[in-house]
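Notes follow once the structure below has been shown.
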């Protein structure tokens, strides 16, 4: 009952973005993928959510392959990807953005319940329901993007750089929210982050990739304490 | 033995050469472009597709039908006529492209019935430089009769200026004291008409110009009707294309003016069949309108040209609805056959042009108007008659069925002459023997 | 005074005609960010099909739904067979923005030629039982007929119906989301391909309404809606492209502007009138009357 | 990638031109005419490539700009009796001034709004010829290109001469544009195209750069219009229809939009597709309805297929295939 990635290979035109990537994430785990810019982190998430075609290898969730599927179908199987850069639709209102998260679901009462949970977690969204999403601050947009993904009742959440461009205080709030959500909902989370310190602070494990390969992994605590890794990837 | 055979062979060869020389002296130095011992190839350009196509696209089939009929009866001096048809979608640049094909690739002998003013203008340089005869061009622009600028070109239709002048005369004879409004296309077509009306001294209570093709827009039709109402006109002269006439009828119907306003239609926009297609159940709205024409009414069963052409149409044109366009096509084709016959046993481009200049004015054609072709003039028809449209959309002479009064004049300031219509008889079976 | 009122009525009735085509263009723009020049071709084809239906059923009103369904189907096919593969292939290339425009021009030409091939390049009558004779008030007949009323009602119904779908239904939300941010929409579970096809089908249906209501006021030929395409596009731009209300307002502004220019300035500017009106509107509001300032580039 | 020097570029272009001109003696007049058509289309398409591919603006009205150039060339030649190469320069200049004024309005319009405005222009402008007597009305004005220079010999056909003239013009245009695009103006336009906001932040006056691009593009279109007037022997409203504008944008897409060299390929495709369609259609025959409309169907299918299967023009960058 895991996310299993084996010998994954993603080609970006002539450039090999991911080369022979293998790792496993257990159900309920929060694993952060760490790596420098261009290491292939975003490519990995896009490949797992069906946005990018994979040239070789396999990836499965709960024993079933997730490759070659369209993102809209994977969402229906509980795999939800919150893409990079505050993935909201600025032309829609906050309420509409949230509604979009459950648009494909038949169980409307549960959608309502999930929406209520999100608004409870992020009360600021509740105050701005009728506003256009383009009027939100960066942090609020990130909350909205995560909130929308929760309404889909995900099992596996793929989060791409939720801290990007946000103030430290806001980052703290976002990570606290992610931590709370995964525990409350029993989510499996793959968290791609540049901000490795914050990510490792809520993660169970970390996987370090470079140039499309896994170059190291370990428990969050062990990684935080590894001086070589610290200087190479954590930047201090 | 060997020597003898050689001698015999030599004599034979000499005989062949002598015979060949005899034949050659009877023929021009080289065969004329587009003419073989068994065929003559002609070309025509006109819009078969695009907004201008409806109606005109019936002409080439009618021309072909007449040529097929002549071909089936021995052709022209033993030669079969082939017509190459090219679509120009009414765009002058396309006309030039396809005319390049006709002249340089298909190598036609002559162009026949090419349609459109700017379209013919665009091919003039090519036609002049190659010396290609351009016969019976399908436009009423008076300029093409200028022999200096267009030495190989022969207009057939009367000019728009002629038509307007004649219409002006008709108005002053029959509609004196009426309030007349004029709707005209504000390009050369309309400008020529304005010139003609002003020569005739016609005064209008309103002159309403419209841009070509703008009649497809409802606001434009609305404007016409508003202006007619505002001017208090009881008579409206429509000098436009068929779709504009149709649009006007629709506009007058909408405004409840049918029966209250007398319509007088120019020849370009008064083809009954096309109007019926345009107007459908509204077609009777045009009944009682007066229309100028130079060809007889396509529905006139007493006319010998019409009955003969209709018979050919039934047999060779898959029974296409016989309308003014079919009539124009057949009439142009019959003029062409006479020109080719008159160009001699070994026709050349020069002999073809000479034939029209010297004999063209005597040939049989359906129009009541005389033809003014001569060594000094390339003007074709010059006259019109007036008819009244019936409920079926076809015109019947205002003087009664089969009685045609003809008005003739020139494109300049000459007087309008009124006379009983006369024309050469239709050749037996519709096959010219000139 | 009578002339002034008549001019207003002429402007309104032609404005309603422009609005119908404008709606078809706006619906496609909203769903896929493409200016669909094929709209005139699609409407021509659906109107010919409506004409065939009327020829066999002898009832204009029964032929209307046939034409509308045909319009929706044709439009959906164009999207699925041409536009969708093209969008995927041209994504990220320099031609991404204008290749679709060219493809729609190709479809327009293809459909016109096809219509000529099947029905010939002739004028055909597709008549409605509604009178095209203007209403009579007292002694005067005004330039506004029952057929014009049907066109106005048609434009308003199409606008209101689609506006309601966009605003109040989940399908409408999916349509809007898919047009603004296709990738985020897919990640939210929206079947974007299908939604876009539905968006085109809606537009095709609107275009079919335009063709079927407008043609009885003139005639049918492979090119008979060409001029309407231009007016419809100009109206859509005036209205701001995004908004269905804008499409109708744009049509009416263009219709009134056109009627007044023709009446009071003269016919010499007939074909330049659209340009003049458009420039005036865009000088005041570069994003159109109802357009968003933040509207993305095509 | 190393930049070629302007001189080297000129040498290459001149060599190609000399080859073409030499080859033109070996083909018939029809091909020479089509060659001239290709050269004119290539120039007009490069005007759109300059505008759309480099500064990111869309125009559906370049047919109208060609009309401006064509009419200016004809009028200047007729009224001042100037040599026709000079009339081409006047045609280009007048179109450039016109484009400058249009560009000021265009710079503040985004994609579809600009497309709509230029479309309305393409519909409206040519019809103005009917309003002013000096413009000759519907039948237009003739352009007197005179005779082929006598030193070329009597069997040098007029179409071959037009081919030579248009090829020389095309070489001049390509050389000038190529060099211009490698200056800072070219880099500015590319910057604006890829990201207008970033370009503005980097201190580029986006509005001014766009107006300059529009002006230049109009100038080039005006030259194409002047040459078109020469080839056609006339200017008339019907010669500059909306269809022409659409054709040019089509050519630009077939050229790959951001590729000057592709303009030539686009022009060749534009000229050859109708020929192919007619050839294909003539194999089927059938009724008049069929023979008249089948070429149109085939042309559209070929066009859609070309856009669909080679959406990025002839020089598809190998790197971006996914």
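Per-chain residue numbering starts at 1, and chain names A, B, C and D are given in the order in which the chains are listed.
The criterion applied here is as follows: a contact is a pair of C-beta atoms (placed from the backbone, for glycine too) under 8 Å apart; a residue touches a chain by one contact, two chains touch by 3 or more.
The shown structure was predicted, so the numbers you read here are calculated from the model rather than taken from an experiment.
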item: Third chains touching both chain D and chain B; value: C
item: Pair with more cross-chain C-beta pairs in contact, given A-C and B-C; value: B-C
item: Chain separated most widely from chain B, comparing mean CA positions; value: A
item: Separation of chain A from chain D, taking each centre as the mean of its C-alpha atoms, in whole Å; value: 50
item: Length of the line joining the C-alpha centres of chain A and chain C, rounded to whole Å; value: 42
item: Chain B and chain C: spacing of chain centres that average the CA atoms, whole Å; value: 39
item: Centroid spacing, where centroids are CA-atom means, of chain C and chain D in whole angstrom; value: 30
item: Where chain C touches two or more other chains, by residue; value: 112-113, 116, 120-121, 268, 270-271
item: Set of chain D residues in contact with two or more other chains; value: 127, 130-131, 292-293, 295-296, 320
item: Of all residues in chain A, the ones touching two or more other chains; value: none
item: Touching residues (chain side chain D, partner chain B) in the complex; value: 28-30, 33, 37, 127, 130-131, 137-140, 142, 158, 228, 231-234, 236-239, 241, 243-244, 288, 291-293, 295-296
item: Parts of chain C lying in touch with chain B, wherever the complex brings them together; value: 2-3, 6-7, 9-11, 13-14, 17, 112-113, 116, 120-125, 127, 132-134, 136, 141, 143, 145, 217-219, 221-224, 226-228, 231, 255, 258-259, 262-263, 267-268, 270-271
item: Chain A-facing residues of chain C, complex; value: 170, 173-174, 176-177, 180-181, 183-192, 292, 294
item: Chain C-facing residues of chain B, complex; value: 48-51, 53-55, 57, 186, 208-211, 213-214, 216-220, 222-223, 225-227, 229-230, 243, 246-247, 250, 253-257, 274, 277-282
item: Chain D contact footprint on chain B (complex, rising order); value: 48-49, 53, 57, 60-61, 85, 87, 90-93, 96-97, 100-101, 104-105, 117-119, 121-122, 124-126, 129, 141, 143, 186-189, 191, 211-212
